[in-house]
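In the two complexes that follow, subunit A is the common piece, with subunit B as its partner first and subunit C second.
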Partner chain A sequence: MGYTLQYGQVTPYLGYLAGGAWLALQIAAVAFLIGWAIGLVCASVLHYGPRPARWLVRAYVTFFLNTPLLVQIFFIYFALPDYGILIGSVEAVILGMSLNAGAYMAEIQRAGFASIRRAEIEAAETLGFSRLQQIRYVILPHIAKVLYPPLSNQYIILTMTTSVAAIFGVEELTGRAYNINAQTFRSLEIFSIAAVYYVVLTVIASAVLYAIGRFLFRIKGKVF
Partner chain B sequence: MAALLDELPRFFSYYNVIFLAQAFAYTAGLSLVGCGLGFVAGFGLAVLRQERVMRFAPVRILALLYVELFRRIPFLVLLMVVFFGFQLAGADVPMFVVAATTVALSAAAFSAENVRAGLEAVHRNQWDAAETLNMGGLRALRLVVLPQAWRIIIPPSMTYAVGLVKATSIASQIGVAELTFAAKILNQKGFSPALCFGTILVLYFVLCWSLNRFAAHLEVRLAPSRSR
Partner chain C sequence: MPHLVLDSLSADYGRDPVLSDVGLSVERGEIVSIIGPSGSGKSTLLRVLVGLLRPRAGTVAVAGTPVDYGSDAALRKVRERFAIVFQQYNLFQNMTALRNVTVAPTVVKGRPAGEVEAEARALLAKVGLSHRVEAYPDELSGGQQQRVAIARALALKPDILLLDEVTSALDPELVSEVLDTIRLLAADGMTMLIVSHEMAFVREISSKVVFMADGRVVETGPPAQIFDAPQTERCADFVRRILRH
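And then the complex of A and B:
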């Protein structure tokens, strides 16, 4: 006992911390985009691909879903250099997060593909839609509406996951909190502020994603 | 690759295997204790959020706030807050307690959502019927709603538990002797990182995959019959 919280000592660093939050958002965005692309390819293979390719993709998804992201990045960051693949810490984190998110998003998007009913396609064919028109007017709007909530949820999760980058010395939000902690020794103060930053960050992201979903896809339900 | 194979017998020596087995047990124990406590707390939170049980609105709002806040704090940051929180409060507790508390705090928020979803999946009429029979909120929950809701609650909670098993790897940051930390130690002893981290990836996979299979099995097994 006898410890008094002194938030005054860390307030000069709030702007520095906000810069870290910006970097965290960028890492999350890049990892999300790459992961989304990986997920899209994997989901297509899982749904339409030949059998051996399906097995490979299933193995990738199952492996990445059942092992911790931190250890995956450890492996990428520490083990790959032994085999001549040298990558920096930010790149390693982004690569790990993308591969991990890719596995999750493969599962999500596979479910999206599965949600298209045969009758819908048949109805479009009856109306004389070409294959492209079917994709443009029937499949995409349907898939987008089904996939938007879980994918935006994934983005929020990725934003929080970026904190793992601090372990590899990336100076994002948590990394900068470590730095400030090392300078001021006001540990509880700075980490509780970092926690608040994450809450604010994800609340804003949720609100924006909700508004976009509402506007673009008329999704009324709760997003995250 | 050949160098890796040469290293294998040295890596899987008697003491290293025991060391890894202990770390595996530590990870499993930490997850079990953390998730167990977290689920109980989360269950309480979810019940407190039910208007029929808790009539006093501020408590409901507090429970909601807890859930919304703690779901949005990354595990690593929460770990640091708990770690320094214990330290500055002058409580000299073992690292296991720090890690388990963090898992529990985080698990409570997530399982509260799962439990709430389960409770809300039970039709409102069931609550009304119970009220007509002059049951109080808690009694209705225990005798009417829970017997129907638990089937919906358990499978997603298991899936979240797997997520928390994976999150415990971050607890290596405060130096609890779980799997990731064990791999780091072995790596620092000079074994190649591919072997150290590869081995624990497999161990994590065994743990999480079997839990996930079990959750999937439960989901089929417990699926409530739709016929009424």
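And then the complex of A and C:
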């Protein structure tokens, strides 16, 4: 291969790229939080709600789990303005990612509700716990522990998914790498550095999530 | 006056009657064992007493006072009198052994944490687990978990302890440690209602044995009667089949 790596040409852009990584982190965090909330509401409806509401949520979840995220965001980005709803590209990406993640997290959290152990609740009942005390001391800690690992994974996946934002001109990590590439044509150097940034983002997140899980929920697992 | 009196107690799961016309009288400090084929209503009887299933008819009285199963508030009172230990222990998985024992007295009763903890440590020592107080249920053997469950039930100082097949889920070598704990409680004069398939243990520890079938009490008597000279054909048949192997 007649290609000579010249990292020297791209080092001036490291700070610029770091800014993109920061934006990626923010998009992932916001999409995760909104998606988690959507998922929690949907999971509650799926587990406890009346039948028509369950159908509605089921339709939403099925639609978003079975169509590509990119198509969903394109739809939001290009179709909503036709209805007079004007949103920027970052907002469109966050909205699409949130709705998509919400569908996944609805399924994850529904499984959490389904895993509540009837026997432990009975034990709490016979010990005189009120309904609120059962929720506070038995049900919530159990659900939190069960849901923590899959929700952590979801966050990591979202971090990497933020790269689709580049397609919509958002200057996050991949978008900025693309810009630098257009100026320098040092594709190999620039995208390998972008990859390292993603690894740093996800490894730090994994380590933090692992530490939290370890101390809060006694989850013993390997991160790496 | 008997400590516990059940009179014409009936209960059902929807349409199916599971307890019919059950009558029983238990003296203070007495240990009564309930035996019978599976589906005979033994466990259901304990579930009714502790308020997990509401009786359809009949009365329960503790120390002469009728027990009210009518409302949530009344059920709180019921649970001050009865404590139950389950076959599958049902410990709170997110809490240490110590916390499993202290949680109800502190949270439900609102008692001071320090005092409750001292009592809980004493109870765990009594069931032979003073070295495992900080362990979580998934770090304990079945026998150890069941002993924690017994300590947890005792922490609320119940009048009557209900034991629902507490050794049935245990590996054979772990059964004896749980039975030893129950013997210890018996020596303390704890009033107990025991559903068990450990016939040798039932015979040894009970002052009275109740044989149930199809949701009814078929025969009641001292262990010697039930096991050696049963008065009813059903009981004789059951005992013969159980003791054959």
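As a working rule, the second predicted complex is superposed on the first by the 220 of 224 C-alpha atoms of A that agree within 3 Å, B and C clash if a C-alpha of one lies under 4 Å from a C-alpha of the other, contacts with A are read in each partner's own complex, and residues count from 1 in each chain.
Going forward, a residue touches a chain if its C-beta (ideal position, glycine included) is under 8 Å from a C-beta of that chain, and two chains touch if they have at least 3 such contacts.
In this text the structure is predicted, and so the values were computed from the model without any measurement.
Of the two partner chains placed around the shared chain by superposition, neither subunit B nor subunit C is touched by A:23. Of the two partner chains, subunit C is the only one touched by A:145; subunit B is not.
Legend: residue contacts after superposition of the two complexes on their common chain; A:124 is shown touching subunit C, with no touch to subunit B. In the superposition on chain A, A:198 makes contact with subunit B only, while subunit C stays out of contact range.
Contacts of A:218 after superposition: subunit C is touched, whereas subunit B is not reached. Of the two partners subunit B and subunit C, more residues of subunit A are touched by B. When both complexes are overlaid on chain A, the residue A:133 reaches subunit C alone and has no touch with subunit B. Across the complex, subunit A meets subunit C through its residues 117, 119-120, 122-130, 133, 137-138, 141-142, 145, 218.
The part of subunit A that touches subunit B in the complex is made up of residues 1-3, 62-63, 65-72, 74-75, 78-79, 82-83, 160-164, 166-167, 174, 177, 187-188, 191-192, 194-195, 198-199, 202-203.
Interface of subunit C with subunit A (complex): residues 50-52, 72, 76, 79-80, 82-84, 86, 88, 90-94, 103-104, 107-109, 136, 152, 156.
Within the complex formed with subunit A, the residues of subunit B that make contact are 69, 72-78, 80-81, 84-85, 87-90, 162, 165-170, 172-173, 179-180, 183-184, 187, 192-194, 197-198, 200-201, 204-205, 208-209, 212.
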